[in-house]
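Chain nomenclature is as follows: A, B, C and D, assigned in order of appearance, with residue numbering initiated at 1 for each chain independently.
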Amino acid sequence: MVSSDAKQRMIRRVAREIEAGMTVNLGIGLPTRVIDHVDRDLSVCLHSENGIAGVGPSVTYEQADRNLIDAGGSYVSIQPGTAFFDSAVSFAMVRAGRLDLTILGAFEVAMNGDLANWMIPGLFTPGVGGAMELAQKARRVVIMMTHLDKQGHSKIVRECRLPITASACVNRIYTDLAVIDVDAQGLMLREIAQGISLDEVLAATEAPLQVADNELPTF
Amino acid sequence: MTDKIVDIEAAIAVIGDGATIMIGGFGVPGTPFCLLDELVRQGPKGLTLIKNDANENGMGVDRLLLGNQVKKLIVSHIGLNSNAIKLMNEGRLEVELCPQGILAERIRNAGAGLFGFLTDIGIDTTLAQDKPRFEIDGRKLLLEKPLRADFALIHAAHADPLGNLLYAAAAQNFNPLMAMAAKHVIAETENLTAPGGLSPEAIHTPAPFVDRLVELPGLTEDYGVIRR
Amino acid sequence: MVSSDAKQRMIRRVAREIEAGMTVNLGIGLPTRVIDHVDRDLSVCLHSENGIAGVGPSVTYEQADRNLIDAGGSYVSIQPGTAFFDSAVSFAMVRAGRLDLTILGAFEVAMNGDLANWMIPGLFTPGVGGAMELAQKARRVVIMMTHLDKQGHSKIVRECRLPITASACVNRIYTDLAVIDVDAQGLMLREIAQGISLDEVLAATEAPLQVADNELPTF
Amino acid sequence: MTDKIVDIEAAIAVIGDGATIMIGGFGVPGTPFCLLDELVRQGPKGLTLIKNDANENGMGVDRLLLGNQVKKLIVSHIGLNSNAIKLMNEGRLEVELCPQGILAERIRNAGAGLFGFLTDIGIDTTLAQDKPRFEIDGRKLLLEKPLRADFALIHAAHADPLGNLLYAAAAQNFNPLMAMAAKHVIAETENLTAPGGLSPEAIHTPAPFVDRLVELPGLTEDYGVIRR
């Protein structure tokens, strides 16, 4: 079990991915929570697959507009300058390279950047949604996930065992234990969570990890 | 003026057994719940439905599933409908999964009178298994074929009697695409204004795409905010 | 030279092609003039390739809106219920079969319905515009043209000599001399212009003509 | 807020020799005459232009032709520009003609991040000569490839500083498609409003497609009604 404190630190760390003027898509679940930690003055444009550029903060049921949800079904608000469009335009934006960043959850990430986050055969097949397009076409693909699955196995693997969402698409992995870049040479450990040792990260990671520096920053 | 307005019974009565039907909506916004309920009431069977999702349990598409009216779903996900997942896993419902933007684009491709398009989306995945492959200018690509339908069921916020449609906020989603792609397009609208009442520049679906229009007397609970 | 009287009669006759509730595209030139002879109560939806459904009557320069032209460049008005859209949607409407009728000009029409109206090699190549899509995809394609070209040659030919716009696309031909259907069996003469004899029509037509009736209506 | 507004000189200065440029407009409506005039003033050469038409003599694109800045036009027609026809017939200007809707669709295909589409338009004509042919499900089809560009020059009636755009009447035409299809999209606007000043449902081109925005101090004569 990952402590909510560790999760919070991961979310806050991921929030630093987001820079002024970016157009960003946040995957369903944990990634959506990143936005609460982003400086509002950065004027980030949040894209939602169901046809919104400029998603505003979530709202309560009392404040909700029945026609205004994000792709995860949460009721959201709009901001000055929000635009609505159809699903074809929404994914045109994705495929034509207008998304600077997407932050997605994952079941597994392989050392070459392969991503599996849409299907666990026989167990759970809710569908694919927009995951393939986001993973394949956002200019930068960042994963945030727990380092280990519920059985305690590493989710950072040599090769994906689950059906992949897209191959060699991940640029960076954030977990409750570490920040890891997917480089041409393999996985590069960049940062370690507070209170975690290098040996603990290495032991928790199936795929080989290179260590960027003797003195890794913590988050 | 040629008036496209009909009552809801007549609008749905043209749909027979085995029809392929596109249904607008992404979650609640843009789903034509009243047209779907009438489809449940009239009861045609063996339907193929093309929709982003299968709604949530007890609503919209799920009522067609509960009535055993559906043979096949072509969707991007059914994650919010445990009944649909169960029927699929039991082999009682055929489900074709499409990446969401590819689903949208296949519908639009039909609506644009085209015969397929080339893409690299999903090319390394199991979803690509049965799709024709081409190599064009050194790039490996899949051919995605257009999705056509006999009928489209559309939900609009505003309409005029000619069939011009406007959608509210995130209720646009698949509606304008499906309104282009089906042979016979049936729209329900929350509000009806006289011709000229909609700004010509703001119209999302131009009248020539729409065949029949149903003015809703009011909205059912399904259209409201869902408290989970 | 075709008299303006004969032209007027042709235009009035073509106007009867247009029925209530139709969506119609009128080609540049003579076809545009048909609309002035259509009963306004029929509520015809005029489509213009540049992104208008519901084109209204032409206007004077004084009344003109600089942003409101039809595909031929004429300043037009709008009607209650007009919609504007982009060029991709405009031709989606054409290709997906939402045009009930198009009325086009022609250089040549062949007995099998082949149409040549876009190019005279070496002489005049202004481009193709929307002609190919209109000819291939409108549900009904009607041609209006002078029966003879300026050299006095029949424009209704056995086979097109000019590069074609679309093959086997024409349903009916209106000229200053006759109304001719393109049937599966060939060209069928349906009506004759007032004051013109059957022999005159046959002599003016290169392609073989079948005569629908001994007593042909006149227009 | 990230402001996309720049002055017209800086907006155009990024365009170098040999660039491929999409230009909105169908006749006068939607043509970015001020951006084109600045392109004439700055004078890059060897340009490939993608546009519906070549404007009329003495206006817009024709000024680029007169300045010998253009290598190639990809258009649907040039019938209103006798200078363009003459240059083409003299072999001094390469002209690729596309059926108008296929031109629009090729631009949109690029804008949608796709790699071509299948159509039967023009299949029996000389325009099909060099196009790859496929037979899919018994139907003979042409492969039309996407048209991509380095730059798009767009004319909007209304905009906000984020880059959301609205077009007037028939000035929409190719503008929204081109705004999706070029690597770097430069829009000029007649009116600029604060963010939130445009109805989110009425926006034609959403801000993420637009890179730079020029606020026009006024319109030149070219934008006006042409008396022939």
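In this section, a residue touches a chain if its C-beta (ideal position, glycine included) is under 8 Å from a C-beta of that chain, and two chains touch if they have at least 3 such contacts.
The structure displayed is predicted, hence computed values, not measured ones.
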Chains touching both chain B and chain C, listed by label: D
Per Cα centroids, the chain farthest from chain D: A
Which of A-D and A-B has more C-beta pairs touching across its chains: A-B
Whole-Å separation of chain centres (CA-atom averages), chain A against chain D: 36
Centre distance in Å when chain C and chain D are each reduced to the mean of their C-alpha atoms: 29
Whole-Å gap between the CA centroids of chain A and chain C: 57
Residues of chain C engaged with two or more neighbouring chains: 78, 84-85, 88, 91-92, 94-95, 137
Residue list for chain D, restricted to those that touch at least two other chains: 105, 108, 112-114, 119-120, 167-169, 172, 200-201, 204
Interchain contacts, given as pairs of chains that touch: A-B, A-D, B-C, B-D, C-D
Complex contact set, residues of chain B against chain D: 105, 109, 112-120, 132, 136, 139, 141, 143, 145, 166-169, 172, 199-202, 204
Complex contacts: residues of chain C adjacent to chain B: 20-21, 23, 43, 45, 47, 53-54, 78-85, 88-89, 91-99, 137
Residue numbers on chain B that touch chain A, as the complex places them: 26-30, 52-53, 75-80, 85, 88-89, 97-105, 107-108, 119-122, 124-127, 157, 167-177, 204, 223-227
Partner chain D, residues of chain C touching it in the complex: 48-52, 61, 64-71, 73, 75, 78, 84-88, 90-92, 94-95, 119, 125-133, 136-137, 163-167
Of all residues in chain D, those that touch chain A in their complex: 1-2, 108, 110-114, 160, 162, 164, 180-181, 194-196, 198, 200-201, 203, 206-209
